[in-house]
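Several structures are given next for inspection.
Two complexes, one shared chain (chain A), two partners (chain B, chain C).
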Partner chain A sequence: MRREPPQTLGDYAPLLFPAAMLTIFFVVPFGTMIAVSFFQRQQGGFYTPAFVFDNYARFLSAFFGGVLGFSLLLAITVAICCVVLALPFTYMLTRMARKVQVVWLVALLSILSLSEVIIGFAWSTLFSRTAGITNILVALGIMSEAKALTPSFGAVLTGMVYQAFPYTVLVLFPALVRLDPTLTEAARTLGASPLKAFFTVVVPALRNTITATLIMVFIFALGSYLLPQLLGRPQHWTLSVLITDQAIYQSNMPFAAAMAVFLVLVTLGLVALTVIAGRKGEAA
Partner chain B sequence: MITTSIKRRTLLGAGLAGASMLAMPSVLRAQDKSLKVGVYGGYFKTSFDKNIFPEFTKATGIAVESIAEPTGEAWLVQLEQAARAGQAPADVSMMSQVAMLKGQSTDLWTPIDMAKIKNSSNLLDRFVNKYPDGRIAGIGAVSWYITLVTNTDVYKEAPTSWSAFWDPANADKLGLLALVSNSFLLEVTAKTFLGGTNALDTEEGLLKAFEKLAEVKPNVRLWYRDEAQFEQSLKSGEIPMGQYYHDVTGLAAADGNPVRSTFPKEGGIQDSGCWALSRASQKSEEAHIFIDYMCQPSIQATLSRKVGTSPTVKREVTDLTDKEFAAVSSDIEPIVPRYDLYQSKSDWLNQKWTELIVG
Partner chain C sequence: MSGLALQNVVKEFGSFRAVNNVDLNVPHGTFVCMLGPSGCGKTTLLRMIAGLDLPTGGAIRLDGDDITHVPTHKRNLGMVFQSLALFPHLTVGENIAYPLRIRGAAKEDQKKRVDELLSMIHLTGYADRPVAKLSGGQRQRVAIARALAISPKLFLLDEPLSALDAKLREAMQVELRQLQQKLGITTIVVTHDQREAMTMADTVVVMNGGEIRQAASPIEIYRRPADSFVADFIGQTNLLEVQADSTGRVEVLGQPIAGLALPAGASKGTLSVRPEDVHLTAPGAGALTGKVTFVRDLGGTIETFVDIAGRQIVAVSTPRARPDVTVGQEVGIALTPDVCVVLKK
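Up next, the complex of A and B:
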């Protein structure tokens, strides 16, 4: 069958449904949010339609800058941890027997069915002083007394990496399955160790996939607002936590919307930078 | 993108109550008279469904459909958005005092006709919520205390004062509420160290309270929004001290958990909920009958016994014994939150507070 470019308006018809869905469920809500971010906050009440920059002005402070910086840093760290862990894991997974692969993938998929709340509570129990993993270390004689590992940055990071890991594997899996095995075989024939072959052949061949995965996990992690609350101290709260506070508890929709718009813009900016940098690297 | 979807998920979760309500109209039509009543989801709703609503239906013939509402101000936002569209997810809702004030600013609450509330004379004055022009916005539903709670395994002796929070010996041991408008820690600080909540009248006084409160930070292990998170840690002794609800702590202790609730000598924090009628509701008549019913001393006494809340009517008119009263309240003068501040200075307070605990 030959693929022809659409000729008449009718050829575009199949696009109508997804386009309508995208408009109704994404473009309209997002537009509303941008509009609300310019509305006038009524302290002690709600908001009135207006066109003011107060909400953005309030955001531009060292305090919120710090929180935004932390959120970005946390998301980047999560993305890097996930990819560093998931790449060798997925690579080895693709070379296993089909049955083993299925078992692993089903197990990973089942993690996706857990809600953020369950993941958060489970890790906070595992990291607790009274019932946590340090008790095992004490029983083994490695530690002298049990201690709490949460709240801490490490706990937040662990929880978020745990949550994002299955996504990372699922994104990397198809690319790694399709990777031509003769490439590594050639490297081995030419005398490279398996480790060297992995770093000099597999990783460079997958550069675009890795970049795309990093971006996906980064964006995924940026929206996290429950795990930092459950596993971290207030200084580990992300911007999303503060957005929730404003929207749900302070009924300050305009400010929450302004923060959310800001977060989206910064995210898009960073993604664009990564893509541009990637293209330049390719050209060189 | 993710941010918006997370927000939407939160709203969806909170709005589940509203959605399930929309699926119910066929059930409602079966009854002649009905009323949708919003109460805090979970323990409160279960207790009301079991102990209060069936009796009310028996006495008045009005069927009650209870709606689980989220705590905090999420419900207020939903009621307001719905009222703008002419909808009432619940006719009568139990609302916090700060939410009452915020709702007043948009005339969200239908004024209550006191002539129809014959039992209103029993009420304590502070449980009648009024618009600035004197119209009645809401009537006290229940009140409850936030007290100083401890794990009895870790603290053999009960602390006697809120100042225990400031004790360096309690480093990294406290669980406190995370928001300025539900922890009321500024009031606690003012009452404990600055001679009373009047100290918060001026900005200077507020800053002084913030400064004193900052000294608590090293002792705090958890700033919680979610009650379950702290309750679990308190029971296990993971976080052995903090502020928590007197009623729920009492129930947990009755279940054999090693916890206790103490009224400090400066007083427990007394917070309360009002019954308020959404302006979009068409059931004003039924709503008045319901509110009047709930103001009866016998019902308030039942609430104290079964739900563990403190009565909003004068103690003399109820038949609560000394022991029953002590279980839900205390004769120590309570710390009454400065709700006015959370309306007139809400953004400033919120900003200062967030900077205090996050910074």
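Up next, the complex of A and C:
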């Protein structure tokens, strides 16, 4: 097919639809949010248009800083756990028979159909003292008595990894399927054990995919606000929980908007850093 | 015995027998080409020698040791894959150093060996290039150098030259053979290109249907093929049905050929005559007479197609001995017993 640069205004017409969609569903809401973040809050009311930095100033406290730090840490931990678990899993999955692959992928997709609420309550039951998995360990004689595993950081992490795992597998799957299987075979003929071949060939050859997957899961986990509340203590609450709290229960829309904008900026900054680091690694 | 020995090797995929009772001895330092049509089991056999597939039955021995169940990475071999399988995330130098790095060789030793190998494959100074920036022939050389980095006991190549264009492939065949002779390394190449096998091999192993049909030197295979499959697969040939009558006289297409004998007790057989051994004569002067149906003049060689009682015979001659024939003309064909090979059925 011959491609020519667009000549007339009409040639740009196919761009109109995506541009309109982006404007309506992304630019306008995000612009509104940025605008609201500078508005003045009305005590007992809603807000009035203004241009004040109060909302951002309030955010720059040790408390909110700590929550932001925890949120980022949690999201990074979830991303790393997911990739560390999903990479070997997906690698083995791509080497299985087609039928087995389909069964696994359908099972994973069905997890995606579960709502966050169901996942949260299911895990809080599984981690409970009365009906949880510790009862099985007691029955097996591994533990002396059943105990509650929730609320705790481990419970939050487990729930979030469980929720993000299918996405991770689905993102990694195509790249691993496309990976030439003779690469690992070549590594084995050259003296690498299967495990060594995985770490010296599969992982480095997929570095870009792994980086992209880490970023995706990180962003996915950053928006989570139900699971930390269902499975964690207040100190395990993320910034998203506080934003929801401010926006819905405290009716402080300008402050919630300011926190959301800040979260977006920090996220974009981290993603940019990762991409730049990846580029540098490529050049070296 | 020093070298590689395959003993009754069998490989089954479900109910399909890909390799059937293969016995083969490859003395140390020999260059073996496994040749056959696709699906004949040659690649499966190579993968079993490499340890990438496990045989269903039989044993593989290297220098007397049974390596049938030794994992691939402990076999100390070098293998070049059809896809080359160069690591895309590593440079040329890092690719070649990979087997040394895996074995924990010192950095200086790795660098020294990489430089040695790069000069051997005429790519000195390419160590820091990414493999994606190399041409097909250069990649081929890098894959060979990487496989030879540890001076392996066995050098295995699976259709190594199939991705190259015809001219480069011919040049690489010669280069590969010279390299192997210089290093004296036991080498097994899988190919479906009989020209490649004839160029490089000490021993050509012709396979079909999971079995070895003949294993011999290239010229032996060409001059004395074991059966009609080998005769037809290696080079061009004319296959003719022969019959012996009660007096022992042998007839080809109804015409007696003096001096030709079938194996004792056989009354029927197949005759293989190479096109270059078929000589055209005046009609009636040869053993057979037929009609010219087509002349293919390729410049370097001239192929004359002659129809005799519905059977087509091809004669090849050089431009100097150009036969003076035209399509439709009657010609005689001389068949002397010394150029005819009687094949077992």
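Observations
By definition in this document, the second predicted complex is superposed on the first by the 277 of 284 C-alpha atoms of A that agree within 3 Å, B and C clash if a C-alpha of one lies under 4 Å from a C-alpha of the other, contacts with A are read in each partner's own complex, and residues count from 1 in each chain.
Everything that follows uses one rule, which is that contacts are C-beta pairs under 8 Å (C-beta built on N, C-alpha and C of every residue); 3 or more make two chains touch, one makes a residue touch a chain.
Source: prediction; values computed, not measured.
Once the two complexes are overlaid on the shared chain, A:S152 sits clear of chain B and of chain C alike. Contact with chain C, but none with chain B, is seen for A:S193 once the two complexes are overlaid on the shared chain.
Contacts of A:W237 after superposition: chain B is touched, whereas chain C is not reached. Judged by the touch definition given at the top, the superposed model places A:T211 against neither chain B nor chain C. In the superposed pair of complexes, A:I219 makes contact with chain B only, with no contact to chain C. In the superposition on chain A, contact of A:L183 is made with chain C only, not with chain B. One of chain B and chain C touches more residues of chain A, and that partner is B.
Taken together, the two structures place no residue of chain A in contact with chain B in one case and with chain C in the other. Remark: chain A residues 29-30, 33, 41-46, 63, 67, 121, 124, 128-131, 148, 151, 219-220, 222-225, 229-230, 233-235, 237, 240, 242-245, 247-253, 260, 263-264, 267 touch chain B in the complex.
Listing the residues of chain C that touch chain A in their complex gives 50-52, 71-73, 75-79, 81-83, 85, 87-90, 98-99, 102-103, 146-147, 149-150, 156.
Here chain A touches chain C in the complex through residues 180, 182-183, 185-194, 196-197, 200-201, 204-205, 207, going by the rule given at the top. Chain B meets chain A in the complex at residues 1-8, 10, 14, 72-74, 76-77, 80, 101-102, 105-106, 178-179, 181-182, 221-223, 225-226, 229, 233, 236-238, 342-347, 350, 354-355, 357-359.
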